[in-house]
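Multiple structures are listed underneath, in structure tokens.
Next come two complexes, and both contain chain A; in the first it sits with chain B, in the second with chain C.
Take a look at the complex of A and B:
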């Protein structure tokens, strides 16, 4: 038998697991060390250290009724559960619980695509449905709807949406939580609720109209621990007639100011429909000492210094990538207008990098180089690991500050974080930002993790410094690894942590025994506050 | 330009278009290089994914079932490439041709080695839980890759 969670006797723990076995079947309660180890965070920044977060066991129900029964048992024993959907939220904590000793409630077996409505362009899925599952389902059944996939695409629709992840395609789809419409939740007391129009049992609009009647509560089930989401509806994108992928490059570092102003205007006007990435080919992946010196200068390197360096490289400083979807005539007009809007930037260059009409054959889809922009899940992001000069690590965390979409802010962020890396003897990793939300830019930094404590200690110091410094500069994060969620919530501490107090007030009301994901996003049940 | 002329432009054609620089503001719409389809049907993964269902993983001879498991869980990184093969590229870098980079081309794999990597991961590749790849799936995968 595994060790019980803190505060629970071995006898009660054994009894609780025994009763859970009666619900889900012995085969689906994992107790051996080898099986439970599969729930470790593969990219943990605490790998092998005493503070690494471990599950005590794992349980894999197959139905909503089994979940409800497990939750009721958990309440009897105050047994902490940690629900996961596909368990692939790697870089943000994976399938390991926030509170060591929790029993992981692994929902991967609940992988049914309950509905795809081609006319309404919606779907309803269970938590175990991955992006690959959904993509295959649509292709196999010749349904001309697209998903919007996270990148890498090994997660699932529900888990990624609940952690408020994003993707690449149209504005209604790439903010994955915003793209949901309707959910079903098992509450911490075992009750079952449907939100939005789903609360009206005969409603034909559960996946079409988000609000239903009364307070709109969906948001409290994202980045939280107030319930276990068992179904979610999503809006899907109708396959367009055509798509045109383009890039816009500008030669100098400071050119990002008019570039981002222009791109932002074009996105707000919906001329550019897709996520827009702005990255620097100059900063990308080089350990050239002169470049490292410039990047770690903390902003003391002048524009002239940067221009001299950039000119010698024969590459533009910034490259923006985005894609148009729709009728070809409309696309052509959108692209022309985009070029008109950005033409005043000296040295700007416009390229069409790929064009498509749909549907694609299997072979054509397979050969698409930049799959997520067409809603095709892919793991090709990991190719960056094989790039010349790459610095291999076992994994990484994503540090993901949000900035206004202004070039001055992007440059300031690069200077600020570059110096932090440099001060720790590291080469900066930041190469650019992307806009999967319409009015902000997320500036992902890959912070490497390892399977050794010494390197990970440096990683944790780096990560915490990045979080604190960037918050001070006005760039807090949008999402954060489980180990750093307490730190993250501290960064949202207006009025002495009033928001966090509200979260825990809700927790006390909705989950008084603290059985669902204690500690997730730093929301603790009363009996664990200040102790965990 | 008719809709029919706008066709999928992938593979070799896209490389050519990447090189095309259009700086003429107000260029005629027809200048946009939507190109005719040139892609060859790729040998495998997406078509195979589309056929992969839970039922396929639950039935059939071990090697057949193992192929479904491979397509479902492994091929997005370990296809023969060159696309969809970051794992294959990584193994190419590791072995420098001393061993085939694509797992399906290896003749030296054993069930024990496959289990070691599936359950322990390596480098960026994470390990897989039994709700993802069950012990029976793993045995089938080994049957497919070892045969």
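Take a look at the complex of A and C:
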């Protein structure tokens, strides 16, 4: 038998698992070391150390009723459960529980696409449905709707949305939590609720109108541990007539100021509909000593220093990529207007990188180089083989600060984090920002993880310094790896941690026994506060 | 095979999902449903092509993939695995192998062995095996094959009436551990566990329509 979670006797643990076996069937309760090891965090920053987090067992229910029964049993024994959908969100903790010893509630068996409504452009899915599943379903059934996929695309719609992940297509779809409409949740006491219009059983608008009547509660089930989401509706994008992918480059470092001002205006006006990336071909992962010196100077390198270096490389300092979707005539007008708006930046260059008319054949879809921008799930992020001399990019954690979409902030962030990497003897990894959301920019930094304690200690020091320093500068994170969630919530400590107190007040009311994901986003049940 | 939509609409899901892990493992033929060992090669590399050609000559079904494993997984491999797990072997770079190791878990497959082929400064290749100790002699045979090691690796991977079963639990490939040989390629085998083994993926695979 596996070891029980802390505070639970072996006898009670065995009894609880035995009763759960009666509910889900013996074959769906996994207790062997080999089985439990499959839920290990492959990118754990604590790999092999005593603090590494492990599951004690796993349970795979098939239905909402089974989940409800499992939760009721868990309440009797204060058995901590850790629900996962596909569990492949590696850079944020994978499927390993926040609280070591929790029983993973593996929802992969609940993989039904319950509804796709082509006329309403909506779907309703269970937690085990992956982006691959949904894309394949739409293609196979010749449904002219697109998903908005995370990248890499091996995750699931519900898990990614609940973690507030993002994608690349239109504004109504790429903020995955914002794109949901309607939710069903098993609460920690085993009760079952439907949110939004779904609470009115005959409503024809569960996947069409988000709010329902009364307080809108959906948000408290994201990045949290107040319940187990068993169904979610999503809005899907109607396949457009055409798409045009473009890039805009500007030559100098400071050019990012007018570039971002212009792009932000165009996005707010819905002229640019897609996720917009602003990255630097110059600030790459190269170990060139001059580049490393500039990047780690902490801002003492001048614009002139940077521009001299850039000119010698023969490349622009910034490159922006985005895509237009819609009728070809409209796209042509949008592109012309974009060029007009940005033409005043000296040296700006505009390029059309790909154009598409839809539908694509399977072969055409296969050949798309930047698949997520067309809603096609991909694993292209895991490139085939590293370029000669390049550092491997896996595994890593994502450090994900959010900044206002202003060039001055982007430059200041690059200077700040570049120095932090440099001080620890590391090559900075930051290359640019992405506008998943309409009015902020997420600036992913890859923080390397290893399978040895010495390197991981440095990783943890780096990560913590990044979080604290960037928060001080006004750039807190939007999402964080399970190991660092307590640190992350500390950064949201206005009024002596009032937000965290509210979270725990809710936890006490909704889940007094703390059976659902204890510790997730630092929300602990009373009996584990200060002890876990 | 029922389509997912038909499966759902028929309300057959719950009834069909009573298959046990043991049954899933029994169903886990060592070879693909058509009796062939599935071979996957990375066509970006000459070594991958050489491996594929040699495997094909030996009667294996070969699929060539490129940098994006996602399309191959979504369109080809996962639909096949839904009929039941089977053994895979191949020669790829590390990152696609890492993806395959994680994705195949959901279908009850685990890694039997990996052989890292790391290019040495003198132009030679160092072969290092991780996995079943019974296969240790393979690296010497690959070294003896010299520049033809990729074809030799295909011969080893496709030899014998039965492919090896996983004998020890291997963690997913540690890509960072190969920091000094980021150009390494890997010969590998991913296969179902022995009959009756308890493995989450084998059980979960039995639920997929």
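Assume the second predicted complex is superposed on the first by the 526 of 532 C-alpha atoms of A that agree within 3 Å, B and C clash if a C-alpha of one lies under 4 Å from a C-alpha of the other, contacts with A are read in each partner's own complex, and residues count from 1 in each chain.
Assume contacts are C-beta pairs under 8 Å (C-beta built on N, C-alpha and C of every residue); 3 or more make two chains touch, one makes a residue touch a chain.
Fair warning: this is a prediction, and the values are worked out from it, not measured in the lab.
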Of the partners chain B and chain C, which touch A:449 in the superposed model: first, second, both, neither? second
With the two complexes superposed on chain A, say which partner A:63 touches: chain B (first), chain C (second), both, or neither. second
State whether A:32 touches chain B only (first), chain C only (second), both chains, or neither. second
Partner chain in contact with A:311 - chain B first, chain C second, else both or neither: neither
Considering only the touch criterion stated at the top, classify A:498 as touching first (chain B), second (chain C), both, or neither. neither
Which of the two partners, first being chain B and second being chain C, lies in contact with A:339: first, second, both, or neither? first
Going by the contact rule set out at the top, does A:108 touch chain B (first), chain C (second), both, or neither? both
After superposition on the shared chain, which partner residues are touched by A:362: those of chain B (first), chain C (second), both, or neither? both
Between chain B and chain C, whom does A:328 touch in the aligned arrangement: first, second, both, or neither? first
By residue count, is chain A touched more by chain B or by chain C? B
Common interface residues of chain A with chain B and chain C? 30, 34-35, 37-38, 40, 42, 58, 60, 88, 106, 108-109, 111, 132, 135-136, 140, 153-154, 362, 366, 377-380, 382-383, 385-386, 392, 394-395
State the interface residues of chain B toward chain A in the complex, per the touch definition above. 1, 3, 6-11, 14, 17-18, 20-23, 25-27, 29, 32-35, 37, 39-42, 44-47, 49-54, 72, 76-77, 83-84, 86-87, 89-90, 93, 119, 121, 123-124, 126-132
Taking the complex as given, what residues does chain A use to touch chain C? 25, 27-28, 30, 32-35, 37-38, 40, 42, 58, 60, 62-63, 88, 106, 108-109, 111-114, 132-133, 135-137, 140-141, 152-154, 362, 366, 371, 377-380, 382-386, 388, 390-392, 394-395, 448-451
Flag every residue of chain A that touches chain B in the complex, lowest number first. 30, 34-35, 37-40, 42-43, 58, 60, 87-88, 90, 94-95, 106, 108-109, 111, 128, 132, 135-136, 139-140, 153-154, 241-242, 244, 328-329, 331-333, 335-336, 339-340, 343, 348-358, 360-369, 376-383, 385-386, 392-395
If you look only at chain C, which of its residues touch chain A in the complex? 3-5, 8, 13-14, 17-18, 20-22, 42, 44-45, 66-71, 73-75, 78-79, 92-96, 98-99, 102-103, 105-106, 169, 171-172, 174-179, 182-183, 185, 197-201, 203-204, 207-208
